[in-house]
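Working notes, structure below.
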Amino acid sequence: MATLRKKMVMMKMRNRLARQCLGEILGTFVLLLFGCAAAAQVKTSRQAKGQYLSVNMSFAVGVMSAMYLCLGVSGAHLNPAVSLSFCVLGHLPWRKLLPYSLSQVLGAYLASAVVYVMYYDAIMEYSGGVLTSVGPNETASIFATHPAEGLSLQTKFFDQVVGTAALLLCILPLNDKRNKPVPAALLPPIVATVILGIAMSMSYNCGGAINPARDLGPRLFMLTAGWGTEVFTCFDYFFWVPLVAPMVGAPLGCLLYFVFINWHLPDPDPDSDVKCQPEILAAVNMKIEFYLAFTYIHS
Amino acid sequence: MATLRKKMVMMKMRNRLARQCLGEILGTFVLLLFGCAAAAQVKTSRQAKGQYLSVNMSFAVGVMSAMYLCLGVSGAHLNPAVSLSFCVLGHLPWRKLLPYSLSQVLGAYLASAVVYVMYYDAIMEYSGGVLTSVGPNETASIFATHPAEGLSLQTKFFDQVVGTAALLLCILPLNDKRNKPVPAALLPPIVATVILGIAMSMSYNCGGAINPARDLGPRLFMLTAGWGTEVFTCFDYFFWVPLVAPMVGAPLGCLLYFVFINWHLPDPDPDSDVKCQPEILAAVNMKIEFYLAFTYIHS
Amino acid sequence: MATLRKKMVMMKMRNRLARQCLGEILGTFVLLLFGCAAAAQVKTSRQAKGQYLSVNMSFAVGVMSAMYLCLGVSGAHLNPAVSLSFCVLGHLPWRKLLPYSLSQVLGAYLASAVVYVMYYDAIMEYSGGVLTSVGPNETASIFATHPAEGLSLQTKFFDQVVGTAALLLCILPLNDKRNKPVPAALLPPIVATVILGIAMSMSYNCGGAINPARDLGPRLFMLTAGWGTEVFTCFDYFFWVPLVAPMVGAPLGCLLYFVFINWHLPDPDPDSDVKCQPEILAAVNMKIEFYLAFTYIHS
Amino acid sequence: MATLRKKMVMMKMRNRLARQCLGEILGTFVLLLFGCAAAAQVKTSRQAKGQYLSVNMSFAVGVMSAMYLCLGVSGAHLNPAVSLSFCVLGHLPWRKLLPYSLSQVLGAYLASAVVYVMYYDAIMEYSGGVLTSVGPNETASIFATHPAEGLSLQTKFFDQVVGTAALLLCILPLNDKRNKPVPAALLPPIVATVILGIAMSMSYNCGGAINPARDLGPRLFMLTAGWGTEVFTCFDYFFWVPLVAPMVGAPLGCLLYFVFINWHLPDPDPDSDVKCQPEILAAVNMKIEFYLAFTYIHS
């Protein structure tokens, strides 16, 4: 293992962006692995081995695990709408938006493939061997989000805009040093709790994607795995709503947070902000070292 | 974004109260957005997309998110009964009670409006297009709290008094330096857990409002959105109970906490209390700086 | 409020034990308030407003809230079996065992009374006005624990012994400096999670009291409130099992923990153990103060 | 107690491995005690006292409690697949793999025995007194994991590989100083949440053992307790899948984590890494002591 590691480290990519994309791929993979596998478990077991709430909870665990996994590498956006927001806020260069987004879609695609293989027998048994996107035996909703019956287009769009705006509005303060942030090491479970809340309250209309990659990746997988083009045409070409609406909602959530909250926060105390405690301690240590040397020389 | 920010900062309100009210509006908005949207999801999906427990949990997530959002701006009261308690305890000037309370009602009003638009199609489908407060197709309970059948007035009132007293009794120690407080950054999830507990145990009688704004804001919205004056007259003018009883229960909870617990807590150790660690370190640092200068001059 | 406080402080009891008992009364009151109210909500709503899991969760929230409430005053035992264990371990003087236990029973009694008044109408509606301990309309299981049908006495006793032993075995390491303890400020939610686990896994046989006060207090209340002596005679005098078995199980759990874990833990590093960080800092500070004075005098 | 302790300490095993095995035995015992007792409660109460979700949650609480219990003694592997991974990663000597694994199996065996005695009456009532592994009254699934109907062998194997790989992939970053680790004291609840996620999403096919000891221990117990050899022959000798597949999946998860994440993490800042804060403080303290002595001598 150690020798293999050395080789890998030597040939490891210099390109920071490529490493970040790797992180986003694996992170989104884990997020969808938990989420879609739970959806498969609940649907194919006909609720015997779970319920709607456990799918919501499993997506939340997926977010938490994915964040711990790739926070140190890529910042754990896991969502093109989040990456877009961070571009708007200046935390991510615009040129990285497309690579991040494609990585997220790829991660979601790969997770769908693993869940499909894992639940192949159960999906075949449930669907009677015919993979469809509509009807009583449809299995496409395991992977992608489906809208409820009889919704107007504007309701669907509004639903995804509000959901994603709520997401950004709720997660931005968690990491805002001028507000009351969560300890960095506990950010993942708190963000996961926000995701759980959104899934429990804003997922009836459209399935609560609030994430273009979470919906597009699985659809692309289904296209290649035998569900056919129906996965894009079903529900009157619904697929574009979770692609576009979150990209509108996320910056809107940021705007709300900055206009109503961030710009009105009291300025942080410069003393406590400029120097953090370990730095003070290191400074103390250095000065004492220096002083001991100084007095030794002059004694 | 940056230039817009500068303009906004320059024209930003000097008035601290106005900023605090903004915070309370957005905070209560988020709380009710999660809560009422979950109630809408569970009711209009006829429990297919959630259950009573997920509404309770969603309200709790709303509390957590709202607290992280506006704790740094307004203290995140989110509830006139909490604001009243803080006035009684001297943490909030009495002149701010009304602005805070009105802001909370306004936030709840706005959240109801967003949830109404978001779930418009589902509400229309569920109610058959007739918005009513009573009967099998009523949809008013999505927004406001309704009492159970056959309760006497004193039971309803007592229920809301006990619920709000329990709330204050359980959250006051969480932030009491003389007791064993929660780390400040983790206050929101712990308070949310208390809210979840109250919702799971004290919401059958009256829906567990324990918050005048949480109930009045949505009722006012429904009045303007087509439910009619029935939202105030239904259940024998029940609406005044969640308005008045929490204002009695909250100070009662404070009184219980102070009489039975706080006044009997051991006095905090003055040494560890007066100077916190970063202050000691800063002092150490300063003295060494001074001493180095002093010895340098005299050397 | 401030003047009232001063008077109260002046007349406040000198007796530390009395203050501790006050804490235990209020703590056990809060624990049972959440727990029994949830049981009442679920039973009288016929599972429309909750489920078995939400009763388990509500008891856990009650434990968390009660611990934050009285940890600083009384140590938050909330359970005579826990108090007994702490006597055995030498953390509580034996003479305090009886006062602690009686306080806990009193707190549970008072909570039952409040829940009874709060759910009076619902209990009357559910029971048809006849308060009984057995039969389809029994309401005694809201307050006290009832065994499942057809259990032998040894199974009941063993169930309560194992449950209480598991409780102590799982909570002792949480506060053991030689093991990997939880941060003190987060002890309550972790202990609450353990309680939730026990309630979800070991409550079918006997209702999972694992706490003599949690069962006896409500039974005494029911005796005085109209259920009659049947609350003690029902299920073949079952009431003594949750009174006696936890007092056996709790020391057994302690013994297991000490024999299998604690005595084999590596000895803590004396340097990091004897002096905690704030103490080092205070020492540093003091010495510099002294040294500055010393050099000033001799300069 | 104190004198008994002294004797025990004096005769306590010098052998560190034996102590670690004791820790693993008790830890796996606690894990299975919570998990299997919850399975027994839900099954024998015919879902009246719990649901599939509460079994998942109870296993998670078991993991959390077991980790707090034996983290300080043995590292709380609780799973031969985790021990194997730590051997591969060089955190555990290979010679300890077998003792660790056997201890985990023994702990699982003992927990099954306690759960069997605890739920003896309920199991007898449910099964009609005949202990079987298949059929409508089977009770073997309380203890061991059973596959769903009609799965191919490769699906079962793949399911266990993916589940265990997901486990390692999600828990390795939690304790990786180069990534964004969880505070050590909060590792148990976060790991438990990951376990909950896996149980909610990847347990339909094969019951989600992802742990050879969790499955083998209870099977061995059932063999000795009257279920007969059927516990090993049932479902076409399924028992070997949760024995072997996790040993493949766990190293695979490690490999994924290191290749995709760990090797691309930025190198940690050497200054903040080499010296932790308490060490700096101790150094400061020592130097001041020395300097005071030095100046005193020369004054």
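Labels A, B, C and D are assigned to the chains in the order they are written; within every chain, residues are numbered from 1.
Methods note: a contact is a pair of C-beta atoms (placed from the backbone, for glycine too) under 8 Å apart; a residue touches a chain by one contact, two chains touch by 3 or more.
Everything quoted here is computed from the prediction, not taken from an experiment.
Student: In terms of CA centroid distance, which chain is the most far removed from subunit A?
Tutor: C
Student: With chain centres defined as C-alpha means, what is the inter-centre distance between subunit B and subunit D in Å?
Tutor: Comparing mean C-alpha positions, subunit D is 39 Å from subunit B.
Student: What is the distance in Å between the mean C-alpha positions of subunit B and subunit C?
Tutor: Each chain reduced to its C-alpha mean, subunit B and subunit C end up 27 Å apart.
Student: What positions in subunit C touch 2 or more of the other chains?
Tutor: Residues 51, 53, 183, 186, 277, 281, 284, 288, 291, 295 of subunit C touch two or more partner chains.
Student: How is the touch graph of the chains shaped: line, ring, star, complete or other?
Tutor: ring
Student: Can you give me every chain pair that touches, using the contact definition above?
Tutor: In this structure, the chains touch in these pairs: A-B, A-D, B-C, C-D.
Student: Okay, in this complex, where on subunit A does subunit D touch?
Tutor: Subunit A reaches subunit D through residues 1-2, 5, 8-9, 12-13, 19, 22-23, 25-26, 30, 33-35, 37-38, 40-41, 44-45, 48-51, 53-55, 57-58, 61-62, 64-65, 68-73, 114, 117-122, 125, 183-186, 189, 277-278, 281-282, 284-285, 288-289, 291-292, 295, 299.
Student: Taking the touch rule as given, give the residues of subunit C at its contact with subunit D in the complex, in rising order.
Tutor: Per the touch definition, subunit C meets subunit D at residues 51-53, 56, 88-90, 148, 150-152, 155, 158-159, 162, 166, 169-170, 173-174, 178-183, 186, 190, 193-194, 196-198, 200-205, 256-261, 263-266, 271-272, 277, 280-281, 283-284, 287-288, 291, 295, 298.
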